[in-house]
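Okay, so here's the structure we're looking at.
Per-chain residue numbering starts at 1, and chain names A, B, C and D are given in the order in which the chains are listed.
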Amino acid sequence: MILPKSNRLTPAQLAEVTAIVEPFGCGLQPIVGAVRTIYAIVGDERDELMITRIEGLDYIERVDRIQSPHKLMDRRSDLASHRITLGSVTLGEELLVIAGQCTIDPKNPNFLYETAHAVKEAGANALRGGVWKPRTNPYSFQGDVKSLDILMEAHRRTGLPVDAEVMDETQLHLALDAGVHMLQVGARNALNYSLLRAIGRAVADRKTIVLLKRGLHMGPISEFISAAEYIVSFGNPNVLLCPRGTAPALDGYRNHPDESITPLLKEKTWAPVVVDPSHSVGKASYVPACALAAVAYGADGLCIEAHVQPSKGIGDDPKQALTPEVLGETIRQARQLWTLRQPVKTS
Amino acid sequence: MILPKSNRLTPAQLAEVTAIVEPFGCGLQPIVGAVRTIYAIVGDERDELMITRIEGLDYIERVDRIQSPHKLMDRRSDLASHRITLGSVTLGEELLVIAGQCTIDPKNPNFLYETAHAVKEAGANALRGGVWKPRTNPYSFQGDVKSLDILMEAHRRTGLPVDAEVMDETQLHLALDAGVHMLQVGARNALNYSLLRAIGRAVADRKTIVLLKRGLHMGPISEFISAAEYIVSFGNPNVLLCPRGTAPALDGYRNHPDESITPLLKEKTWAPVVVDPSHSVGKASYVPACALAAVAYGADGLCIEAHVQPSKGIGDDPKQALTPEVLGETIRQARQLWTLRQPVKTS
Amino acid sequence: MILPKSNRLTPAQLAEVTAIVEPFGCGLQPIVGAVRTIYAIVGDERDELMITRIEGLDYIERVDRIQSPHKLMDRRSDLASHRITLGSVTLGEELLVIAGQCTIDPKNPNFLYETAHAVKEAGANALRGGVWKPRTNPYSFQGDVKSLDILMEAHRRTGLPVDAEVMDETQLHLALDAGVHMLQVGARNALNYSLLRAIGRAVADRKTIVLLKRGLHMGPISEFISAAEYIVSFGNPNVLLCPRGTAPALDGYRNHPDESITPLLKEKTWAPVVVDPSHSVGKASYVPACALAAVAYGADGLCIEAHVQPSKGIGDDPKQALTPEVLGETIRQARQLWTLRQPVKTS
Amino acid sequence: MILPKSNRLTPAQLAEVTAIVEPFGCGLQPIVGAVRTIYAIVGDERDELMITRIEGLDYIERVDRIQSPHKLMDRRSDLASHRITLGSVTLGEELLVIAGQCTIDPKNPNFLYETAHAVKEAGANALRGGVWKPRTNPYSFQGDVKSLDILMEAHRRTGLPVDAEVMDETQLHLALDAGVHMLQVGARNALNYSLLRAIGRAVADRKTIVLLKRGLHMGPISEFISAAEYIVSFGNPNVLLCPRGTAPALDGYRNHPDESITPLLKEKTWAPVVVDPSHSVGKASYVPACALAAVAYGADGLCIEAHVQPSKGIGDDPKQALTPEVLGETIRQARQLWTLRQPVKTS
């Protein structure tokens, strides 16, 4: 829908806009209102270049898109009936809980093994464990490939499927070769389209699940969904969307919690939403409340940091990780709320 | 705590800073670190002018405050044991629910009377009804003093205590004279200190409860609490803090929901928190989830818009108001969650 | 323009929407596109209630407005040719500079008298001086009515027109009775519609100029312009729009500088833009750069804090106020840039 | 500096904190104030894990850092005297202007050749040309390696040094092998630490200049500078910092312009600042004002999109690109302002 700055396009302007849209297989349909005439684009309006060219004209106020830019991620696409299963949980049927350490300590593998057992006991369905870590400070510990073996050993000991964040193609292939069950793309790489494409290509056949974190900035929702479309367009629809807080932070938290975006995502896409309360708030004592809020908003799952001895952890664990006891109580309450909220409907 | 830009103050600089703090009854204590010396302010550091003068010096990097600026609102003040009661509900003991119309329609008083009965039936403890309305557009309906009589009549018919937003001193005195049980300060007036002082003065003796909405901007939490201190400083501690979403909006909502601020408020102040999910999200279908999230975060109450026939309402009601059925179900679930979440603690 | 969630409205939905718009004198015109049908509102679409009622329908995705909500402030209104003059400066013909103290010190009137002479000497066209001050902390100095006499005396001594911020009706009438030449509405009262109406009414005949600061939050531009429409709708078009930074602050400034909003304002309204760099950045050393940036963006004027002895000032002066020397150099450069930038045009 | 929640640490708490800091070679020094005791960390406080562990303690309110986390980028490091030269321009001595197309059209290389000649004529010092493009929509044109040859040919024809954005290691090595003179890291990859490390390693010996764009989110300034530290830590100090607007956008621009961050950057780091006004505002007609504002704030350079026929461009060019005439006039004014603003100082 094209809105000119004046009340209608002059014939010369109309000819110019028409000359822009026709090479893209589109046409224009004027809509004559009482005061103002606007112009519908008839045809597939999704080409960014066509839109950009119209927006570039001095006499155009704005161009409103009417079609969704996401073919496959759209709630009305054929993929809407696709179901994703991780371990024993089918998303949407019960609440998925992924729990584990922010960062695996390669010198103390027992912490992860004990944490793995403890989170399983507490009710978690999958184990997270950071092998490589994005760090603001270049001189901080950046992770160690040895941790990948520790992670897989934790899987063998507990049977829990495991999740690892990858930040580049090298890590991606190491993680896939090791056999991780879920790949994670972090908030800092949420718009790293080269990585998203590399992942899409690499998991096209294996159908490995990808957990895609929301970027740190308050971009439009369609940008988040489009990032997932990059992966899915290669043929693997096993994508989970993960809000984890945005910047600037709410005064006192690590980020501005954004679990409230869940219903907005679900209006536009069929993809399950798994909220990360740990990074949203950034401090263990706030995590249980945020986890419950995510379930209140309709999240399909939670991704929570936990550690058998948080103060001995590395990475963000000393601040963010829940003890197994608190994790267990949080999962118990979250599952009760999951059951409770099912019938809430507005006519 | 004063941090100079260089590793320490020169003797001349130290003398200059000392000359600033002494008239305010304070002194300086150098803290000699390995690389850098910083300077503690010894004494009552709360005077803004003293801080501003130090911050104005070219060689000062920043001044970090250590004391809370809120004497009375502080969680450690004597008021911390104060309990606020509205109608039959003592805040903190059970979940308070205020419900009712955004804007009373002075031509159709029956809508409010029916809504009042319906929200009481649905489990609400108090009735809200907008008499005057802040409107972006100066040509929109701005409210009608006749609606005040309608509101009081609704109180008489149902026994529910009633709440009205006031935007200036004239409205304040009309509302108090009519006998409303709770005054509301809207988000647009959250930093209108003249109004806050006028209210503080007017309710000092009557002890009328004041519901103070959070401002539309993402200011620091202390600014919100200080606004309440304006009222409380006149002698009436019956203040409720009301997050209701901030700008810029999350893409698709009316505002950016901010119920997550609740635990941060509770760390700093004893005042109860009553969340308004209706303005946070701005659309009826999203309100129940937001209400539950508020309870998940520890809110002491909810302020929800409801209407017996939302589509016939004026103001924001056609978009935001819940039907009595949805309100009832939301209250039921919120109260269950209130009970459920009590024992969640982190060591 | 009404966009349904599905590809077109059902006959029953179409009838429901029609029944909503008809009482407002409007009709619907379907616009049949290749995939989707949307619906233009034919008639005056500015009534908020009509729009709200349509937005309240479950099957509507959104309603896009096509008409400007500002009748009088609109760049295409008859007022577009109105010129505003303060002292010897006609806005738009030369750069207006308002300078002076944040807060007048009632115990030391000579500071203002000396500052008034100094800013005149430095090239300023008008004098600002805070009589009453909005303060976050209720226990801080809130201003003193005696300062109003000091301000008017400074006017008599220098001939400079004077500007005072008012925060309520009492202050408004005191200031007008004293004879101030310009009223200022602060950022915290930018959406205080009761005050805006009171000012509009009070200055309708006197035609006193009103400087309206932008609110602290990042609301849409139309909200800012609508606030001015409140005043102008009473008959006085002498309104100046004043960006002064928004929250959250850029890391290290008092606010997030927003002089860049100037071209956006000028596309929508004829009202002159006077930027306040002092509150935007909050520290004297950053103010000259911000002032120049405002002129680069096309500002018609600047409102700058200055003091003959900043460190002796009260309010924000010790941090924000320029010395007369720096003010003079800033004005000189700003006026050179004003001349320089005139011919920059994009075809 | 450690601030406990209570007025002082208990002996047991003090022992616990001491046990945390000692393995990192640090100690604690209590600073006894009138009401409250706080604790200085004596030693190198830069280890994130040590800080995280202290922050993880329940009785700690916050830990304030006193040392800069950036060893090499710090304004006080030995690198502060390093000068960066691109083509004939030494940063800091005259205004650097990089200009050219958002995206090279591989089917129409003449557009770039003509644009290269035109921007050189208009006064630009270097040529930009997008070879690969980050695109929100996975189905949009993503760039073509053939454009790299076109870019180098434009260099040979004009002698202008050329700049190309790279998004992954493959592109990085292709660009370096082709001989580009400057690499660009885009806003979406601003926190892609794997890419930053790969670049740092690849340019350690060649000393290729890297233009690092600021991320889309409003993160703290230190995060931006730390991203540059990643590159510089490998041994090449030729890094330029490039603000280019952040999200959420100012209502009507592509982003929220952030050239105002320049003075804040210059307080913390020695690295030159080159502002991109084209992405900040996103529309050609707003670009010249934003470019001047950047110079007003002290930018050392500008990176501007230009095209001989903007409407025929691909990528963002139809909206953002200046014509050579407008570019020339903008450069002329920017250079005049650069000269004008030199003596503005605040005492």
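As a working rule, contacts are C-beta pairs under 8 Å (C-beta built on N, C-alpha and C of every residue); 3 or more make two chains touch, one makes a residue touch a chain.
Listed by chain with UniProt protein names: A, B, C, D = 3-deoxy-D-arabino-heptulosonate 7-phosphate synthase.
Bear in mind the structure is a predicted one, so any value in this text is a computation, not a measurement.
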item	value
Far-end chain from subunit A, centres as C-alpha averages	C
Between A-D and A-C, the pair with more C-beta contacts	A-D
Centroid distance [mean C-alpha coordinates] between subunit D and subunit C, Å	32
Geometric centre distance via CA averages, subunit C-subunit A, whole Å	39
Chain centre separation (subunit A, subunit D; CA means) in Å	26
Shared-contact residues (touching 2 or more other chains) in subunit D	58, 218, 248, 284-285, 347
For the subunit D and subunit C complex, residues of the former touching the latter	218, 220-221, 248, 250-253, 256-264, 267, 280-281, 284-290, 292-293, 295-298, 322-323, 325-326, 329-330, 333, 336-337, 340-341, 343-347
Complex contact set, residues of subunit B against subunit C	46-49, 52-53, 55-58, 69, 71, 134-142, 167-169, 171, 188-189, 191-195, 197-198, 215-219, 222-223, 226, 229-230, 233, 246-248, 283-285, 310-311, 314-320
Complex interface listing, subunit C residues touching subunit A	1, 3, 29, 31-36, 38, 40-43, 58, 64, 66-67, 248, 347
